[in-house]
């Protein structure tokens, strides 16, 4: 049987110039449940599906508030995300302490990117097995960044990562031009709809398995769960059976 | 001799019987698949340009800048693995800062290229690391006049520092390219990434060694070359990113800055037009 | 004769007694800076409705000697912050290089917002406090003048002890005694800032610089002045006191050699 000799560690290039260990780490992200993020001119939104190990267990946390102005959503190894989020919290506090400034999102993103890159160039380490969406508001307005295990980070208008996230991305691409002008409520609805696209047919978004994070200009990052998101789920999906135009109207009026 | 299956290509810092380090060669492969990056050394400045391939529609347009500032007067553009490029830049910034700590002034471009060459080379020496998957182009403007040392508060005696020859030329534009092996050369025009072959042949046509090309012309040529080197059929869409560094009297006052949007768009329009003209000729 | 090679050729213990190693040690704890060496005197500043005016003279004294007369003690950080330095000049140069490296780091990205005066004051206060806690203070009294996050006038100080203070008018060194009372006549409180325009503020500061030159023996009639507003920093480093004259000194009685 063919044996790939170039995939044992992250310090070996394949003859094509690829690093398989890093590519495998990206697969771990695809094992995680889906998370979605969108930005408008005024707001930045995260939405995530939470999984529970069994019926009676609690749900895995998917959205973490880092500082009052931003938070992250994760897909992949949650324990790796915790390491990164602790680092982000520490860096964010350091910025507030030394400069009395909320750390710019581009800055914190590149700091974790640099950390992740180190893990792909030194023996005895492994790449992080988690993808992150970093969303919030800084002095330059709302932002959304995507972080990958390879250390690649990109600023996005909208993004979805995790299991079956291609469906969410397709939805996001289709509505890409609408996002900029969206208000808070509309943006959340778009995020929930994108999330729903990635769900298998027999599943529904519920107050138990859905998590939402929102930040806006002059508005701190808030993480919503449980009954706090019931109204959004109701408002977003009540007219599912009806045609699209009527649901669009409903969306316009209650925002 | 082929590399695959010999076992000599499985670890960094191992020579094959014919004296090659295959891991470095594989790293070069990673560079060859990256977007085209070029640098042009003009008579009154340096231009850096990059073909930034758009991997997703969801990316925020005009964000995600890839040409980095290392010190006020110096920039780096690279092709290859993005995170490795960031690592390179981060080290270059540290080198520039530590030079300032020691010498109270900006690092000369040649010294930065030298230090980064050494750093990159060190990543070919050990089995515990892998080589850099980037080729980086470093452009800088070394001050042509005597600049105050960092922290200087007064003017001191007006005779200036000694040891200077009358009429000797100081500073000017400089351009270097550093490869994954740690090898580096100074260039008049440098190109790396996917479209490097086409870009190189276009750069050669400019007769840069004559030192006649002005910075403004260089900007337009850089844009045109990136457009020529871009393969419409095979590649995705791209954004053109350009930065420049002029003399102290020029448009950027010796600083590394983004080319202003209007100028870049003008250069892009000209580039597209010249491409269309070429197509008509065919 | 000793059989140890390292003792050959040295004074013999049995003749001269054991070597007194205490000459190599300095008794007592480690000591760092105990006093400034080359110093700058007062820095004064006042807010007005659109910004801040700050001034300091161009003298660096070596004790009572007027050692350097072209020293620029106002340093522009960026288009909305100026830092004024009183105290040790070499420590000021160290801080200037520190701010320079900070500025370079801040400008790696052209898209991020620059540090404002409030950010810089927080940072410098941290630096000063850290150094005093190491018992190795930077012997300066700083005024940070500029605009805060809301583009409103900002003025605050940080000193060698790490103490911070903020007021509509501030002055370091002798200025705290001589200029501050004059400044407070026009700007007694935060509310009064809105009633003062740029011209009034500049006139007030210039008047104080004159009083300081008359009364402070470590001062100079050449000075730097900076005005920070939304339009940017207007920094003049070669100003000369206007309408300044020692003629009145002739009329002073009771000192010196004159009779009656």
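Chains here go by letter, A, B and C, matching the order in which they are written, and residues are numbered from 1 within each.
Methods note: a contact is a pair of C-beta atoms (placed from the backbone, for glycine too) under 8 Å apart; a residue touches a chain by one contact, two chains touch by 3 or more.
Everything numeric in this text was worked out from a predicted model, so none of it was measured.
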item: Centroid comparison with chain B (C-alpha atoms), farthest chain; value: C
item: Best-connected chain pair, where connection means C-beta pairs in contact; value: A-B
item: Chain centre separation (chain A, chain B; CA means) in Å; value: 33
item: Distance between the centres, which are taken as Cα means, of chain C and chain A, whole angstrom; value: 48
item: Averaged-CA centre spacing for the pair chain C and chain B, given as whole angstrom; value: 41
item: Residues of chain C engaged with two or more neighbouring chains; value: 109, 111
item: Interface hub residues of chain A, defined as touching at least two other chains; value: none
item: Of all residues in chain B, the ones touching two or more other chains; value: 63
item: Touching residues (chain side chain C, partner chain A) in the complex; value: 109, 111-113, 115, 118-120, 122-123, 126, 149
item: Complex contact set, residues of chain A against chain C; value: 97-101, 104, 106-107, 139-140
item: Footprint of chain B on chain C - complex, ascending; value: 60, 68, 70-73, 89, 92-94, 96-97, 100-101, 104-105, 107-111
item: Interfacial residue positions of chain A with respect to chain B in the complex; value: 5-6, 10-19, 110, 113-114, 116-118, 120-124, 144, 150-152, 154-159, 169, 172-173, 176
item: Contact footprint of chain C on chain B as seen in their complex; value: 63, 65, 68-69, 71-72, 93, 96-97, 100-101, 104, 150-155, 257-258
